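Below you'll find the structure, written out as structure tokens, and then a few comments.
Each chain carries a letter (A, B, C and D) given by its place in the written order, and its residues are counted from 1.
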Amino acid sequence: MQTTLPVLLTFIMGMFMIIMFFMPQLGTAESLATRWTTIIWGFAMALGIDSLLLNHFRKIRKGGTQAIHSMALIVAFFVTLIWGLYAWWRYGNPFDAQSSFLWMFRYVYLPLDATMFALLAFFIASAAYRAFRARSMESTLLLIAATIVMMGRVPLGGVIFVAFFIAFMLIVGVYFLYESTKYIGTDRWIRLIVGLFFLSTIVPLFVPSFAKAFANFIPGLADWIMQVPNIAGQRGIGLGLILGSIAFSLRVLFGIERGYLR
Amino acid sequence: MNLFLIAQVFIIPVNQPSVQLEDGRVIIHWSKVDTSVTKYEVYRKAEGSEDVVKIGETTDTILIDTTLKPGMAYLYMVRSFGPDDSTFVDSNWSQPVALKQEKQGEEREYVLGIIAKERFPVLIFLLFFGFLFFYYYNQARMGKEIFIRRLAGLDAIDEAVGRSTEMGKPVVFVHGLTSLDDPNTISAVAILKYIAKKVAMYEIDLIVPNYDPLVLLASKEAVKEGMLEAGRPDVYKEENIMFLTTQQFGYAAGVNGILVREKPGATFFMGYFYAESLVMAETAYTVGSISIAGTTAITQLPFFIAACDYTLIGEEMYAASAYLSRNPVEIGTIKSEDVAKILIIAAIIIGSILATLAQFGIAEDLFNLYKTLWTVTGG
Amino acid sequence: MMDIIGVWLAAFLTLAIMSFLFGDNPVYKFVEHIFVGASAAFGIIVMFNQAIWPYLYEGFTTTDAFLKITTYIAIFIGILTLFRLEIMNYVAPNLTWISRFPIAFVTGVGTGIGIVTGIHGFVFPQIVATFLPLLEKHASAIEIASNLILVLGVLASLYYFYFSMEQRGILKGITRLGMVIIMITFGAAFGYTVMARVSLLIGRIYFLISDWLHLVR
Amino acid sequence: MNRIWTIIEKFGSIDRRIIYALVFLATAIPLFFNVRIPMPVSPEVKSAYEAMDKLKPGDVILISTDYGPSSAPETQPMLEALLTHAFRKDLKVLLMTHWRFEGLIMGVEGLDKIARKFNKKYGEDYIVLGYRPGVTAVMIGMAQDFRNIFATDNEGKSIESYPMYKEIAGPDGILNYKDVALIIGLEAGAIGNAWIMIVNARYGVPIIIGTTAVSAPDYFPFYQSKQLLGMLGGLKGAADYEQLLNITGFASRGMVSQLAVHALIIILIFLGNLSDIARRFRS
């Protein structure tokens, strides 16, 4: 009973929403769903506060330096809550233009939120440095697509891209030529040819008009990647995951999948 | 005659008139805003056209238009005249009304009397998918084995929990930001239960910071039940399934704090993530944890792929709970997704071929017909 | 005056969060706890102010009977969540299972609506959008190639998720093509985001050197 | 030679803290200098500039700041550049928002800053109308009379009480869209659509949109169909506008930071791959 009844409720609600969707004359199913979930969410918030505060009261009781931090958390929670409620009562709306709650929003909440968000600029650099290594075909494609799009979006990006293209080909080419001196016979010839191939790719770039055309080509290429392969990939993944979500949702509605509940 | 010209504004114009369709007539109604008005004239135009027709004048604030053509949408406007007959001012155009419409003002047709016509293709698709679903469900129940290829990300879960045990470190499970009404989160809770079972066997801590109170509720239930099923209800610690905050970056800050202080051996990111994904995944990397991510958020997948050891991409996330359960009946239903995929592929190939032929003037009608079959309208 | 205090406070908080980059430290830990506490309360205020209270108010005052009834149903289901409060573990431990009803309710509503809106809003429009001509009379070579790559890319990346078959031979080739398209997608999405993230950092640093230190104006 | 390769191999394991420091410096240093990368101005920004430039002193522009702090790094420079242009030309500015409190904070901040620079006075050269709920209802209500919606300004005073009101309201004493020469919508979301589809389509007021790089593609079709006189997209759009005004503002310097960080990331990727190659060849 402790499982069957909830599963039955899931089934009934799911079917109700599906029927409502096909009979829009009854009302908008989506807005009803949002309304319901939001109100229930409001009550469930009591559990959230319960969990957060009790956890930190426990930590305060344990003592140590953690107690200070937990105390700060609880004080911050109540100061914000009471301030917000007071402003709501005093100005009719906590976010009224005159409301003092905006001070707290502007000078406490906003810098914290924005700085946490801004940390992404650092992490994106370190993640790119670590992950974009040409170790397999997959990671090479990831690397190439990312660098082209990245450089296609800033002024002079194409020029920088060309500069690094030349530097990379030069280093690899010279390395092969150097290696070839250590070998004899076919091994030497292979390395010599490979080295010369890499070097030859940069020769046309010494013609200024060609180098310029190549640099100007990068932003267009970046746009093309965003509009063609990127859209194709997103659409393919998207279609697959909707099908997956339908099958998963049917498993949930018919009680075949109960892992989330029991 | 330019209707938008206002000679002298001594009168306050009528607001937008309200229009109502009743028995094939339109009732145009407006409220009196200026007492100095001597008469009103009502004008009409068809939607998308600029031909304005005067349909009558009155001193009242209501007028009935009986000269409508079905299938056309009309807009109405009221011109108020001042005392000297040459001073007038126009209202805004009304909402469009069309003869076929119902009272609510939306055009609607029905199939079988009750099902909205524009949504009927969705019903066909759903019934078809439902048929496939139950067909393979029954096949699996009757003992037909259905093959599922290996999913590296899911096999790695056991490995990650195992490694965490060897190192004597806790396991952290991070939820995404959507609530329990998102199938992605429901799937994540099912995965959480599987992890709870594994963790209970090895007696290490499982820490679950939460963003959404409803997910908190489900997580408590799932972890408790998982540990009960593993025969170790004593391992369950209520305080480890904790709530943090409902704000995106506050949550990320809290999770980062947990990651750097608990130094988990394995971290799982499961659910629907937004920009905070990389903040947390990079932190997990820096503390030396194995991290496994799973999300259907296409925009965040690149960051998980860059920062995590294993990533469940899109649909794999939904197959996860069936795959992990090793229950042949659940696995069987995955086959229905695959068959639907083949059908969509076929539909796109046919569509493209028809589109190509239509370019060269061959069977254009067929292409248009085929296209309408797949078009659902009405938001 | 309040603004000057505010700017200094904001600068302190900004630097405290940034200090996390160089490892955990007591200042970050302290600010992180404040952030979690304050944002939890902030979230409650925002959510109640902008969504829950308007919904409840509308539900109580409306003359629409259906809306009224559904509001009361939601409130009733909402109250059931309270059976999972920690105090219930002591008061009524064998009733905590009642809190499964709200879980079941929300899951049912969410999956039900998700199934139909997914088909309606994504599957059909995206399929129609892929009906592209593979050859055109007056198109350039690039346009034709783009259409071909788009159609094949969608098919291959969808096929990549075909689970119930071992991929061999030509099928393995298609899966491989799917992987190529997916990787380009991810690479492009990564590269595309860098600029927006750097903009955010510029915003923060500009706050520090301009609003706070007045080094630049 | 071997020693060189050993050094190159080390490029593959640069400590993340060094990377963080480099990112910080690459972002911060350009902000201190008045440098600008000359770049071709996008045509849509140029037409926005020309639309503003055509206005005569005393003409009224209505700016709607419909964005919050999270998109401010991109949209705030647009606001500042457009206001600079407006005050240079002695236009009268009305500011409003559809975004509750965030939009107001950002709008007032930008307006105060630029007005101070040009010595403009509140009530004489600009008025902050503030926020009212109900996006389309507000827009439609304003068509008749701004006082229907904004009877009082952001500070709670009647808008008629300001000397600027009489100047801009014209002989009929009613302020509505007919008195507005140009609307500028700075948008982080979809409210710009309502400005275009309601106010431009119904009342014929010309519109310029400034938006984040992410939303720019959504508005571009309106520019192509001439429903927008011009548009500014992302930091690049703001930098273009600054270039046309010949000032080196936040956006221009920001573009240098962008370039520096992008270049840094590509250098890092380059070094990482170089070290990988070195390792593979040696083993």
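Methods note: a residue touches a chain if its C-beta (ideal position, glycine included) is under 8 Å from a C-beta of that chain, and two chains touch if they have at least 3 such contacts.
Source: prediction; values computed, not measured.
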Joint neighbours of chain C and chain B, given as chain labels: A, D
Most central chain, Cα average position: C
Chain at maximum distance from chain B, centres defined as averaged CA atoms: D
Interface ranked first by C-beta contact pairs: A-C
Centre-of-Cα separation between chain D and chain A, whole angstrom: 24
Where chain A and chain C are represented by their mean Cα positions, the distance between them in whole Å: 9
Centre-of-Cα separation between chain B and chain A, whole angstrom: 18
Of all residues in chain B, the ones touching two or more other chains: 119, 122, 126, 179, 181, 183, 186, 213-214, 217-218, 221, 243-247, 249-250, 253, 298, 302-303, 305-306, 313-315, 319, 334, 337, 341, 344
Junction residues of chain A - those touching two or more other chains: 18, 21-22, 33, 37, 40-41, 44-52, 54, 95, 105-106, 110, 112-114, 116-117, 119-122, 124, 126, 128, 130, 132, 142-143, 146-147, 150, 153-154, 234, 237-241, 243-246, 248-250, 252, 260-262
Sequence positions of chain D contacting 2 or more other chains: 16, 20, 23-24, 27, 70, 258, 261-262, 265
Complex interface listing, chain C residues touching chain B: 17, 20, 23-24, 28-29, 32-33, 35-40, 42-44, 47, 81, 84, 86, 89, 99-100, 102-103, 106-107, 109-111, 113-116, 119-120, 123-125, 127-128, 130-137, 151, 154-155, 158-159, 161-167, 182, 185-187, 189-190, 193
Footprint of chain A on chain B - complex, ascending: 108, 114-116, 119, 122-123, 126, 129-130, 133, 137, 179, 181, 183-184, 186-187, 189-191, 193-194, 210, 212-214, 216-218, 221-222, 225, 239, 241-250, 252-253, 275-276, 278-279, 281-282, 285, 296, 298, 302-303, 305-307, 313-315, 317-319, 321-322, 325, 329-330, 333-334, 336-337, 340-341, 344
Partner chain B, residues of chain D touching it in the complex: 16, 140, 143-144, 172, 174, 202
Chain B - residues contacting chain C, complex: 119, 121-122, 125-126, 146-149, 151, 179-183, 186, 213-214, 217-218, 220-221, 238, 243-247, 249-251, 253-254, 256-257, 260-261, 298-299, 301-303, 305-306, 313-316, 319, 334-335, 337-338, 341-342, 344-345, 347-349, 351-356, 358-360, 367, 370-371, 374-376
Residues on chain B engaged by chain D in the complex (per definition of touch): 9, 12-13, 15-16, 92-93, 286
